[in-house]
Structure formats: structure tokens, C-alpha cells
Amino acid sequence: MARINVETFFQKLLPRTKRNLQYGMVDDRVFVQKEHKCPTCSNPVETDQLKENAFVCYHCNHHFRISAPERLRLLADNGEYQEFSGGLSSLNPLDFPDYEERFSAAKEKSGLDEAVKTVVCKIGGRETVVIVMSFQFMGGSMGSVVGEKITRAVLLAAQRGLPCVLFTASGGARMQEGIYSLMQMAKTSHAIALLERTRMPLIVVLTDPTTGGVTASFAMLGDITLAEPEALIGFAGPRVIEGTIKQKLPEGFQKSEFLQEKGFVDRVVPRKDLKKTLTFLIDAHIAIRGGKK
Amino acid sequence: MARINVETFFQKLLPRTKRNLQYGMVDDRVFVQKEHKCPTCSNPVETDQLKENAFVCYHCNHHFRISAPERLRLLADNGEYQEFSGGLSSLNPLDFPDYEERFSAAKEKSGLDEAVKTVVCKIGGRETVVIVMSFQFMGGSMGSVVGEKITRAVLLAAQRGLPCVLFTASGGARMQEGIYSLMQMAKTSHAIALLERTRMPLIVVLTDPTTGGVTASFAMLGDITLAEPEALIGFAGPRVIEGTIKQKLPEGFQKSEFLQEKGFVDRVVPRKDLKKTLTFLIDAHIAIRGGKK
Amino acid sequence: MTQRELQKKIRELKNLAAHHKLDIHEDLSRIASKIEGSESIDVTPWQRVELARHPNRPTTLEYIEKISDEYLELFGDRVFGDDPAMVGGIARIGGVAFTFIGHQKGKNMKENLRRNYGMAQPEGYRKALRLAYQAEKFGRPIITFVDTMGAFPGISSEERGISEAIARNLKEFSVLKTPIITTVIGEGGSGGAIGIAVADRVFMLENAVYSVISPEGCASILLRDAKKAQLAAGLMKMTARDLLSFGIIDGIVAEPPAGAHTDLSFVAARLKENILTHYKALSSKKLETVLKERSRRWLSFGEFYDPEEKEESFFKKFLPWGS
Amino acid sequence: MTQRELQKKIRELKNLAAHHKLDIHEDLSRIASKIEGSESIDVTPWQRVELARHPNRPTTLEYIEKISDEYLELFGDRVFGDDPAMVGGIARIGGVAFTFIGHQKGKNMKENLRRNYGMAQPEGYRKALRLAYQAEKFGRPIITFVDTMGAFPGISSEERGISEAIARNLKEFSVLKTPIITTVIGEGGSGGAIGIAVADRVFMLENAVYSVISPEGCASILLRDAKKAQLAAGLMKMTARDLLSFGIIDGIVAEPPAGAHTDLSFVAARLKENILTHYKALSSKKLETVLKERSRRWLSFGEFYDPEEKEESFFKKFLPWGS
């Protein structure tokens, strides 16, 4: 049986998406936890100083959770990127009580419009599709919009022959969307199956925390899987597991370093080395294929 | 890049091998251990009665080691098969001391000419390439001839679009052939890679004992992997491992049942069910593909 | 236009209405249930949950036994172990060989301990994928049966990569070059369920449930009261009827009024008939068509408002496989 | 006609002579060493074994470090763990990205405990294969370094399928769609070595050894005297020169007279030059040609007498890829 020609599809898609891709300046709104103490070393921290240090504790190296705009400020060349699929908005397909209210509250509290932002930007000079989840928006939960945006972004990378970098941060499914939420696991994973055929790399960066259905789908499907230090990464959350086994979990269980040791993470990379590492990897995956630097 | 056209090769090969494939009657010479006691239950056993019972102890179900002709008597429809590549004979490429002598002694003692027999026969009415190793010949060790015969048989299956059934029984490499012996692991495995492309099934049946380089090559490369009960199957032999870890091995370690539990054996099948199981499997792999039964 | 497509149109209309704050919800629901042809039977969602979890509910191996003329179970994932909570093998039905894969619960305490109550570990999902690849290689259609409260949430499962195992299955099953038919026969619990449920056709037994989280989990997390499971069972919309109306599944296989466990032969016969009917339909198409339709199916799931595309979704217009 | 092919012809002649009991063995050996251009240096096989095992002998990571402009090590097999006895990652040399894979010994006791003396477990071989697939997908050539006394012979290794892991590598590397260049840099011990040594070109450092069993193992099993390891080292014909004369390897990378550990930079430079030369040669061919030649190479190994084919081997005449 002949292979399906995915390329034809992506060529069809090309002119349409291209028109949106004009670079703009980064949106400077940033969401950071409001604590004034580092949760790891308990030393007092200053937000401005933290920001200078890529939101890594300057006492103990704790990596604070950051949201999409801050991540992009750190990653994109000159902090410039172009967002797409920004206008999609959630519905309440199950008529689940309070979903709309919770959603609006999350919007207000986080200054974000969803748990994922999909953009095109340059990293080390190379155009890249970047997907960034924000745990700050409803626990980074994946509903229909998150699934759709990630799917479109992955297929955009496939279509335009761009590398794709995906930052995860999620508590799992958006339960208020019920079965639709579960279906996003398969939908995003299928998009990655299609990307695979174009042989464009997907580089996943796991950040704290990444659990549930997000971990059990696109988070584990990168060609390269990086992780920030000490991030919690798992399918079942620690409390669920403790509930099952009726005992405390061992130290370091489900942390990035644990996953590297267990063979599921290629490398734990400190946030300050991340851009350099991603640049090298993007380069290594593109250079050999006739690209130029 | 286009797939390599293996089929062309096999078509070229066809007329040559076909001429050898006239069915003859089974060679009735059988090599069985001379013990008069069952090694498992220590009860006395009669060779004739054993033979009636497929060389399975009629007291305790111990499966005696049997050599290629006996295996074929049990397996092939009407005990009929046609051997090929029978004329290949070993050299002494390393000029290893006593190799020729040991080889001649093995021939005489076992009544076999090498540690493997490659034949075409019918199983449940379907023409099948069958490869049978004999532990009785120099511990079933794999030298250049064993590697070549297995390779040719596997490629014959590929060429003629026949299923291939492979019975292993080996202590590993034929050390007297040094590096040539090691290369047979890669050679036979590559042949299986070529067979894979033709989508003809390779069904491996592990018998007692299968260890060393044979286990770490074709023995583990079946589409379906069966094993006779209680067979010893491993890479390192039990004594080597005990030497490394300085303690006794647990009960049942490296036995067929252990390997099934560890996920490396599809099914442990008693010898008396083997023909039925193989018939079903060959049928299931051929029937769907336009064959008829 | 199939029933699933009709349902989809209604949902789109409903979503649009919701966005524009039009109150046509009730009307649409009424239309929907008319399309279904469903008379309202008095079984509550919670009762379905209880039937789906009934200790005597038939299991995967029982259905395989009933459905196939000959069946050979195969074991192992080829990397770590064999998981008794996930079973599979090769079966012959008439002149066709199928690969069966399914979660396996026990029917008594002892068996349930061995089968881990049907909660599979990474080995189970990897065995499933191994058998699926084998099926693909030899052109065998794949039939999967879903029956799990979820993947096993334990240390062993996490450290051997349950997330990776499920994720890989989702990706690989979505492009596997052979027809796949799934039926949720009991509990369809979350990631553990969908890990073997990416298929060309998905069915549910009448009293099966399928959801992103258990009613208990939903109650304790979203309703902040673990005792509200019965309420949650309704809110989660997890019955076969719900999922059919969402267009997530393709049909419902009938059970006797008191549940599948009261008449295994009846249900197995319906199940077999349904599988063979849809296998025939799928095998009459070109494999390429089957794959295109599978791709379209899985990319289409999700309900959201897209201002640029209006009610036409991105993927509907720019399907990888054409429209 | 390359050196390897010339050697092969001589071997065929020798085998024929042996079969017909012609005593031309000495003469042929003399011709063979003339072709090699080798002056007989007074290093015994056992001395080579000792050099290959020298505690200061440079390891895989040291060579990678020296050879590449940038290197990123990647970890894990994606199913069970990361094996520190097998390393690998992506390196840039000039404008080309390579995938490196190799056994990794420690240079002191502590490191050796962590690295298990370079004896890899199934995880190691599966990591190697994972990185190899990755290389294939992204068109990166693969460079492997062999340096192990063998795969780990322990309980953990057996129960997680060391045989399966090695076997699968042999099969998959033999058809991997990217050029592969292997160098035995120290010990090439049995299945553990060949598990990452199925390649288009195989080289050995001058003092590396490569054999089906250790001299100690050979002595105790075949010579029935464990103390005869030095004798066995000679009988096994395991030096680079032996393997070149057998046509098993393609060339020898020179070391300083006292061994690689006395001048890492020198050896690394030779190694790099050799790798890049052969990478260039391979990359100038069509990938299809590379694969045909690889197939031919691996099917050709073995010395035997075939009465039907005379000195022409079955595969020589009926090569899968034509002659």
C-alpha cells in the first residue's frame, strides 16, 4: 500500500497560514506566583531580581513556574513572536456547572486567555513553531481549545517544514469538558504522528508540573525530551499514588532527574542553558538536511 | 529513498532452489540421550515408549532433548521432508587445534552432519521452511556452516513466500571458529531483516537448551516465539551468572515459563500440542493473505 | 449522511447558538433524541456505572471465547514482562484471522489480584502495541475491548513509564495500517481506556461508560464532595447514549434489560455481529481511505468557537486527506 | 580491488587447498602479510589484550569529546532506564551532525561501578537502538565505538532480555537507512560488542581486540585450563591484524607504540580523520548502494566448503542486491 501523501495537504495549507505570520513584539504581561519566599529554600525573593535570573531562585536554583509570555521572553530571539489561533474560545459542551465562571475567573486572574499559547518565533536565528502551556491558567488543563491549538501548531510545523518546540505544564485534562477533553489526547498524538512523517523534529520541554493526560500524550512524544530541573512529571499525581499504595513516595519520585534515570527524559537542562541547548538541537536537526546557518 | 527491491532477488533465486525440492521420506536415524532414567523424576524410562510419547517422560512430563530427524518425524506431515544445503561442510579457518577431530567425533557420535538441518516440508498441509538445530551435535554450536544454512533457509522462505519455523537448541557460538562464529549472529539476523520485508512469518520454537549467541540473534527474532516447557533459555549460562553474582540463581530462572512471564516468549507449548499450535499459526498468518484452506 | 454526522451538525448549531446566547438548547436536544430514535428508558447514569462495574459483568476473554472459532493467547511486551491486566492474541473467525486486544478484569478476588482489577501497567500497553504491529505486518484487523477503571496508578507503573506507553499507543494506533474496531464493554476509564481505543470505529455496550475521570474522582475534585459520585455520573455525560449524541462513538450494542451479565451469549452474538458488519464495511474500502477517515475522525474531536472559521473548523476545511 | 577483497580471494584459495589437502598454507600466509604491507612488530596477541584493557585506555566519551565540535549526550531507552555503560548523543563536526553511540568504561573504581565496567544491560542496547532510529529519521550518520568485555551476565540483564535487545540491534542496524561506521577502540567482547557493531565500515584501533569469547573463557572451556589465556589469545586470532586478514574489518587505526593511552590526541586525530574519510566516501554514494553493500557484507561472512557452488558462495552468486 502506498504511503499517504501528507505533504500535499500541507502545501495546500501553506498560503492560508502564512499571511498571519508577521512578527510582532512580545506581549509583556507576565504571570508569576506572588510568593515572596522561595518554596524550596524559604529565602525571601524579589520579583525583579527573579526576573533578571530567568525566574530561577538566586539562592537555591529553584525554578519558579512561569507562564507562556515569560517563557517566550526568555526563549524567542529578541523576545519577538507571532501568536496564532489566539481567537479560539472554549464552549461548555457538557453544560457543566460553573465552568464558564471558573473559566472567566482564570482569565482574569492569569491575564491569559487559555492554558496554551502557540506562536512562531526565531530561536538562534531559525524559525520555529513554539507551543507553551501555562499552569497558571486552570492548572494548565487540556480542553478542546488547548487540544485544537496544539494540533494546529504541530501541523503548521509539518506544513511549513519548521521544527517544533513544546513546553508542557499541566495538571491534566480539563474535566469540565468530559470526554471531549479525553479525546484531545488522541487528537494531539495523531497530529504528532503526521508531523513525524515530515521528519521535522519535535522537541518537548517538560516543566513543573506535567501530569495526567498531557503527560500520557504529546508530552511523551518528542523526538527529544528535555526537562527543567526538579519538575514534577507523572501520569497519576503523587497524592493519587499514595492513596493507592497507602505509603509515602520515595524522595525524588516523579522528578525530572528520576525520569532521566528511568530512561524517559533525554536530559535535564537548567533554564539558563535552555536556549543554548535548544539552539544546538534545532541546528543539529536542520543543518544536515541542506539548511544553512 | 525508495525501498530496496528484495523481491527481484528472490525471483532470481527461484528456479535454482526449486529443483532440489522433491519430497523424500524422513531419515529415520534418531539421536536421543542414552539415559535410562528421566533426569527430572528419576523414574526408569524405555526408549521405545518414550518415542511413542514424543520423547516426553510418561511419568513427569519432562521433555527430552531430541535431534533434528526426530523433531521432523513429529512435525512434518507424514514425516516427509526435503533437506537442502546439506552438503556444506565446515573448515577450520583459525587452524584451531583439535577442531577437525572434535568435529569428526561429533559426526560419529550423533549420526548428524552438522548442528542444524534445513528442510522444506508440509505442516498441516502448508509448505513450510523448517530449520531444526540439534544440541547433540557439538552442543548445537553455531559456526559458519550453521550460520550459512540458517541464512539460506530464511532467504528461501522469503523467496518462495513460505512461512518459516525455526527450532533452536544451542550452547552458543562455535568458539573454534572464533570471530567467524560471532559474525553469524549478525548474518542470520540480517537474513531475518530481509525476510521481514516479505511479510512471511518466522515462528521460533525455543527448546532446551538455547543459550549464548544463538539466543542473542535469530532465537529472539521470531514474529511469534514459542517455547517447550522447562527449557533453559538465556544469553549467559547459569554457571557464568552464578560466577558473576556469587550466589545461587532463583528456582525457575531462565526457564521457558520465566521467559513468558518476563515478556519474551509468546507461549509455552507442550510438545504434544506443538503441531496443532504451529498449524493454527501458519494458517492464521497465511489465510488472511489470499491463501485458502 | 450518517447518524454521527447528523449529530455533529446539531452540535455545531448548538455551539454557535451558545456563543450568540440564543436559547435554542432545549429544542435542539429534543431534535437530537428524535434522531437517535431513543425512547427514554429509566436507567440513570449511576445505574449504568453500577452495571458497567458489576462483578459478574462479562470480560474480554469471555467475549473472545464466544466470538472466535479458534483463539491463541500470546503473552509479553518483549521488554519487561507480561501484564495479565491486558490480554491479546490471534483468533480465527470463519476464514479470517483477527488480532484481539483488551483489558482483562478478574471475576473473583484471587483473579482480580492477579489481573490487578484490569488496571494495566506499561507492560500491558506495550504488549498491546506489539500485537498491533504484528497485526499490521500480517494484515490482520484489530479488535479491541476496553474495560478498565484506568491505568494502574502505582510506583511500578510510573517508573516504567505508563505515560510514555499510553502516549505511544495513541500515536501509533492512529496511523496503524490495518482496520481497528473498538468496543467499550464495561468501564472506559480515562487514559487507560483510550490507550487501546484509537480506532476506525468505536462502539459501546449499552451499559458501558466512558469518561475522562471516574464519577468519584469528578465528585471529589470538581464538586468537592466525594459523596456526590451519583450526581457526577450524570454531569460527566459518560453513558453510551451521551457519547453517541456527542458523535464520539459510532453506535451502541444492546444488552438485555438487566445487563450483559444476565445473558452473555446474547451480548456476545450482538457484539460479534456488529464487529463483523463493520469489519466488512472497512475491508471493502481501500486501506488508504480507511486511514484518511481515521485521521479525519480523530482530528475532528473537540467543541470550541473559532471566530475566523465560523462554524467551519480548521480541519474540516483543511483536512490532511482532503474533504 | 580493495585490500579486503584481495584478502578474501586468498582465503578462498586457502580454504579450497585445505579441502583438497594441498599444503600451500605457509605460502599463502606469506603472500597475505605482503599484501598487508605489515612488518612484523614484536607485540604478542596477549600484549594487545593487555593494552586493550589498560586502565588508562581512552574511553568512548574521551574520543567523542576530542572528535566533535559540540556534543550533547542523551539518556534513556524510553522503556526502563538509562544505562551508564552505554552512552550516546548528538555531535556536530564542522557542518554535519552525527549520532555517536558507544560502550563506556570508567577510569577509576568508582566510575567503573557506576558504568558496570562497560558491560551494558538491555537498557544500554535499547538506548543505542533508540538513538539509531533517531539518527535514521533525521538523516544523521552513526558512529559507534565498541569497548566492552561483553554484555552484563547478571540476573537483571537476563530477566530484562539482554538476548532480545542484542538480537534486535543486529537485525535493525543491518537495515538502518543511514551510514554506520564502527570502530573497536578497546575490547570487542562477543555479543555485547557486535550489538552495536553491525555497520557499513568496521575498524579497529591497532591494539584493540575483537573476539567471540575472552581468552580466559576460551582457555577454560576449550583448552580446559584457565591459566592458558595467553595461549588462547593467540589461538583465537583476535587482533586487528588477524581480523583485517580475515576480511572482517576494513582497516586499522594506528596507535603510538606504547598504546593509545600514551597519546590520546594523536589517536583521536587519526580516528577522526578515518571516520570523516569514510563518512565522505559513504555519503557520496546513494543510500541504496550503501544498504546493498552492507547487506552483501554481512551475508558474506563465514568460511565453509560448498560442494555445489565450488568456491563461489551462494550469496556471492545470488546476492540480494545483485553482484
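Of note:
First chain written, first letter: the chains are A, B, C and D, and each begins at residue 1.
FYI, a residue touches a chain if its C-beta (ideal position, glycine included) is under 8 Å from a C-beta of that chain, and two chains touch if they have at least 3 such contacts.
Because the structure is predicted, anything quoted here is derived from the model rather than measured.
In terms of the distance between Cα centroids, subunit D is separated most widely from C.
Averaging C-alpha coordinates per chain places the centre of subunit B 27 Å away from that of subunit D. Centroids built from CA atoms put subunit D at 49 Å from subunit C. As a whole-number value, the distance joining the C-alpha centres of subunit A and subunit B reads 51 Å. In subunit A, 196, 262-264 are the positions where the chain touches two or more neighbouring chains simultaneously. Residue positions 78-80, 160-161, 164 of subunit C are each in touch with at least two other chains.
Taken together, the touching pairs give a contact graph of some other shape, not a line, ring, star or complete one. By the definition given earlier, chain contacts exist for A-C, A-D, B-C, B-D, C-D.
Taken in their complex, subunit C has these residues touching subunit A: 11, 15, 18-19, 151-155, 157-164, 166-168, 170-172, 174-175, 177, 190-191, 193-195, 197-198, 210-213, 218, 221-222, 235-238, 242-243, 246, 248, 287-288, 291-292, 295, 298-299, 301-308, 313-315, 318-322.
The residues of subunit A lying in touch with subunit D in their complex are 196, 199, 201, 223-224, 260-267, 277, 280-281, 283-285, 287-289, 293. In the complex of the two chains, the subunit A residues touching subunit C come out as 1-2, 4, 6, 9, 12-13, 16, 87-94, 96-97, 144-145, 147-148, 151-152, 155, 173, 175-187, 189-194, 196, 212-213, 215-221, 234-236, 240-241, 244-245, 249-250, 253-254, 258, 262-264.
The touching residues of subunit C, when paired with subunit B in their complex, are 70, 72-82, 90, 92, 95-97, 123, 127, 134, 137-140.
Interface residues of subunit D, counted against subunit C in their complex, comprise 78-80, 122, 126, 160-161, 164.
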